[in-house]
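Notes to accompany the following structure.
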Amino acid sequence: MEFLSYLISGISLGSVYAIIALGYTMVYGIAKMLNFAHGDVIMVGGYISLIAMMNAGLSPWVAILLAMVVCTLLGVLIEGLAYRPLRAAPSLAVLITAIGVSYLLQNSALLIFGANPKSYTPIITGTVHLFDGQLSISYVSLLTVAACIVIMVALTLFTSKSKMGKAMRAVSEDKAAAQLMGINVNSTISLTFAIGSALAAIAGVLLCSSYSTLMPTTGSMPGIKAFTAAVFGGIGSIPGAFLGGLILGIVESLSKAYISSQLANSIVFAALIVVLLVKPTGLLGKYIPEKV
Amino acid sequence: MPKKIRSVNESPLVPVPTDSYIPKRDLGKLPVLEARHIGIDFGGLRAVDDFTLTVGSTEITGLIGPNGAGKTTIFNMLTKVYQPTRGTILINGKDTGPMDTVQVSKLGVARTFQNIRLFNEQSVEDNVKLGMHNQINYGMFSGIMRLPNYWRQEKIAHERAMELLSIFNMQDMAHMKAGSLPYGAQRRLEIIRALGTNPCLLLLDEPAAGMNPSETAELMENIIKIRDTFQIAILLIEHDMNLVMGICEGIAVLNFGKLIAKGTAEDIQNDPVVIEAYLGKKED
Amino acid sequence: MKTNNPSRLKDFLTFAGVILAFLVVYIMRSRGMLTRSLSGQLVPICAYVVMAISLNLTVGVLGELSLGHAGFMSVGAFSGVVAAMSLASVIPSPVLRLVIAMVVGAIFAAITGVIVGVPVLRLQGDYLAIVTLAFGEIIKDLINCLIVGVDGNGLHILFNATGSRSVSDLHLMEGGKVIIKGAQGATGVKAIATFPAGVVLILLALVIVLNLMHSRSGRAIMALRDNRIAAESVGINVTKYKMMAFVTSAALAGAAGALYGLNFSTIVSSKFNFNTSITVLVFVVLGGLGNMTGSIIAAAVLTILPEALRGFDKYRMLAYAIVLIVVMLGTNNPQAKALVGKLIPHKKKGAEEGA
């Protein structure tokens, strides 16, 4: 029973990672860049929803919606101002810019909200008790897992069925060819950032709800973990991000419970290293050999 | 009919036991290359199948065939960029079975690339010195400490690099970045870099691509000059039939991954199978 | 050999510049012209300069993105501190102890470099980058669990994975001392690192990296960066030279770590986290890939700058972020480049080599 409860908290944590990783992986797939600012968009989502609920007294659902809208705008803004001018630049320049954006978001939050952690009231409270109270699952956990599954299914349908989703896949495969086919590459990339940032907002709300605190650096570590999850599953692959997120969440939760809470992060990273050694492009990643 | 630019001290092709032909003057010497029934599959696709070719120790051989026939794939197998699925490759009689690219290079196989692959950020001279990498003998420690061995070896390397560059009159460009060279010079530098490895078999992948007729004529002279000076074998892929018919003693024709003919220029030009492959079947 | 080679001249000017800067700062300090906080920054600046030079070997010269360079610095810092503290009674000379600490730091970091390099260097591109990040975090966590003490019987090392063990489990003899206390880090360190020693380390790192670049091995390393397939075709052993660059880079970072660690009385492993790796990466990218002079300048300026901006305390990191973004856009965006070109008609060639 104890194991089950750790497993469930792992799945819940993994679901948050998966939602963030989905954003990471989509952006990587299309823009071929490691968007280190993605984790900080989560933090922004957290603060926006917190203000909406605490200061404006809005209902949690409106708060989520508001956080999504703000983060979407923020994501599109970041892409347009910081990344778009560097489309032809070396990938390292884009990476450093992304780090700059990350610092910018963190330090803006620091100036506005201060360094002290703010307590975050979960959007839903309460727990389900099963097996005569031996196993309790919080509603937040259930909501997180449900949200993750819905998002994953919706994204898969979107990219495979819709016209814009197909455009996205075309751009991620070959920008120049997609452009020649009449696809607007810039707006497709913007759309990807919009979706990724909206997901980050949801992840932010869910993350803060399960940890109940929020500070300017809240997004950093989950961002890195989600990035790890995306690579674990095969970066660029939507089911890969889902799978990677879940596995890493479970690994982290079980390591914390049974091995060492100090080394839980290390075990997660070690899992990534092992997987990449066996499969250098992640679990579901495609290997594209260089043509000679 | 393509005309011959210059004779290549032709010696007639004679059959060898490995189902191929080599120039008569190379008989009695170990053939530099014996590819026996090599083939490779990509997924389910047989990219090359049952390819057999023997190249004499000083032979200039052309490998021709329509686009997508598998010519570059054969180069990639000979240099172990791809490991052949079937067959054996002997270099100077030595089986290259489990070897990798680096080991095959040490055996004396050097190549150029269809899409030029120079070390663009390094100088022309350093590109040649990189070709000579395994001819230069000093380690990391000597290099960092600038021991006498470093100065001695670098001096020799410098002189040798300049000598090689002089083949194409490129000494003046020694300090330029390789990536900033004009296209033709980049192709020539790739050949020089390959020669730096001290090869016995030089593989040239479309050396005349993008060259005008006078540049091509010069290149043909130079290929012969290289063969005569270094006494090595050259296997080249080329679409310019003037070049192929002009300087290649043996010509191997590839279609759909299979060798359909090997012989002299005349043999090839009159071979009905080759004509069909290039021009299509005559409607009856 | 060639005396008119422009890159040799540039190398010479770099050495001269470092020595000149040292002399100026040294004289200024001896006349009390430096503020206290700036004097305190001199050794860390040297350590970060060496970090930038060493990371540039991996990122600029070898062409592989490493996001975990702070891990090697950490290994060097803690092994160096342990060496210096445990030898305190045997070797009275602090200079000699510092040298030994830096050598020990370099060796341990090099060993870590080999362990990390074997799996990492099989990967490519962004996959390699994330794994270096992963290793950096793992190293940080592992060191966080170390409890080390020394007594008459030698070193006592405990690995405190579960958090259940403490300093008393070392069972030190009378007169023994604790060096590393797990998450609290190394405390009571005697700060023996000096500014001149730091500058000597910079010069040494420069000699090693620049001479390497101009040798057979360095050419091979750069060939892997420029075109791996062509490099293999001329017989260059990919693993050997990748490893050579990676391990050399790790060793130099280890020496820098020892220097850094011995500049403070307390040092914790969380100091050497992902953000530190990124900070050093920023130095390298802003200074220019493969450009060691640029790395030195970028590391020195960007370490001093936040200190100089102490007055604007709250806004300095924000300003840093904005400057970072603007510089990246300015140096890499075609339109922005053209604009800069118009404003400064005779732009120096060196600036274009950056990034």
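Per-chain numbering from 1; labels A, B and C assigned in written order.
We adopt the following convention: a residue touches a chain if its C-beta (ideal position, glycine included) is under 8 Å from a C-beta of that chain, and two chains touch if they have at least 3 such contacts.
In this text the structure is predicted, and so the values were computed from the model without any measurement.
Of all the chains shown, the one with its CA centroid nearest the global CA centroid is C. Chain centres computed from CA atoms place B at the largest separation from chain A. A separation of 50 Å divides the Cα centre of chain A from that of chain B. As a whole-number value, the distance joining the C-alpha centres of chain B and chain C reads 44 Å. Once the centre of each chain is set as its mean CA position, chain A and chain C turn out to be 31 Å apart.
Across the assembly, chain B contributes 81, 113 as residues in contact with two or more other chains. In chain A, the residues that reach two or more other chains under the touch definition are 292. Across the assembly, chain C contributes residues 229 that each touch 2 or more other chains.
Chain C meets chain B in the complex at residues 1, 5, 207-208, 211-212, 214-220, 222-223, 225-227, 229-238, 244, 290. Interface residues of chain C facing chain A in the complex, by the touch rule stated above, are 59, 65, 119, 122-124, 126-127, 129-131, 133-135, 137-138, 141-142, 144-145, 161-163, 183, 229, 274, 278, 281-282, 285-286, 289, 314-315, 317-318, 320-322, 324-325, 328-329, 331-336, 355. Interface residues of chain A facing chain B in the complex, by the touch rule stated above, are 292. Residues 79, 81, 100-102, 105-106, 110-111, 113, 117-122, 126, 129-131, 133-134, 136, 138-140, 142-146, 150-151, 153-155, 157-158, 175, 193-194, 196-197 of chain B are the ones that touch chain C when the two sit in their complex.
Against chain A, the residues of chain B that register as touching in their complex are 72, 76, 81, 113.
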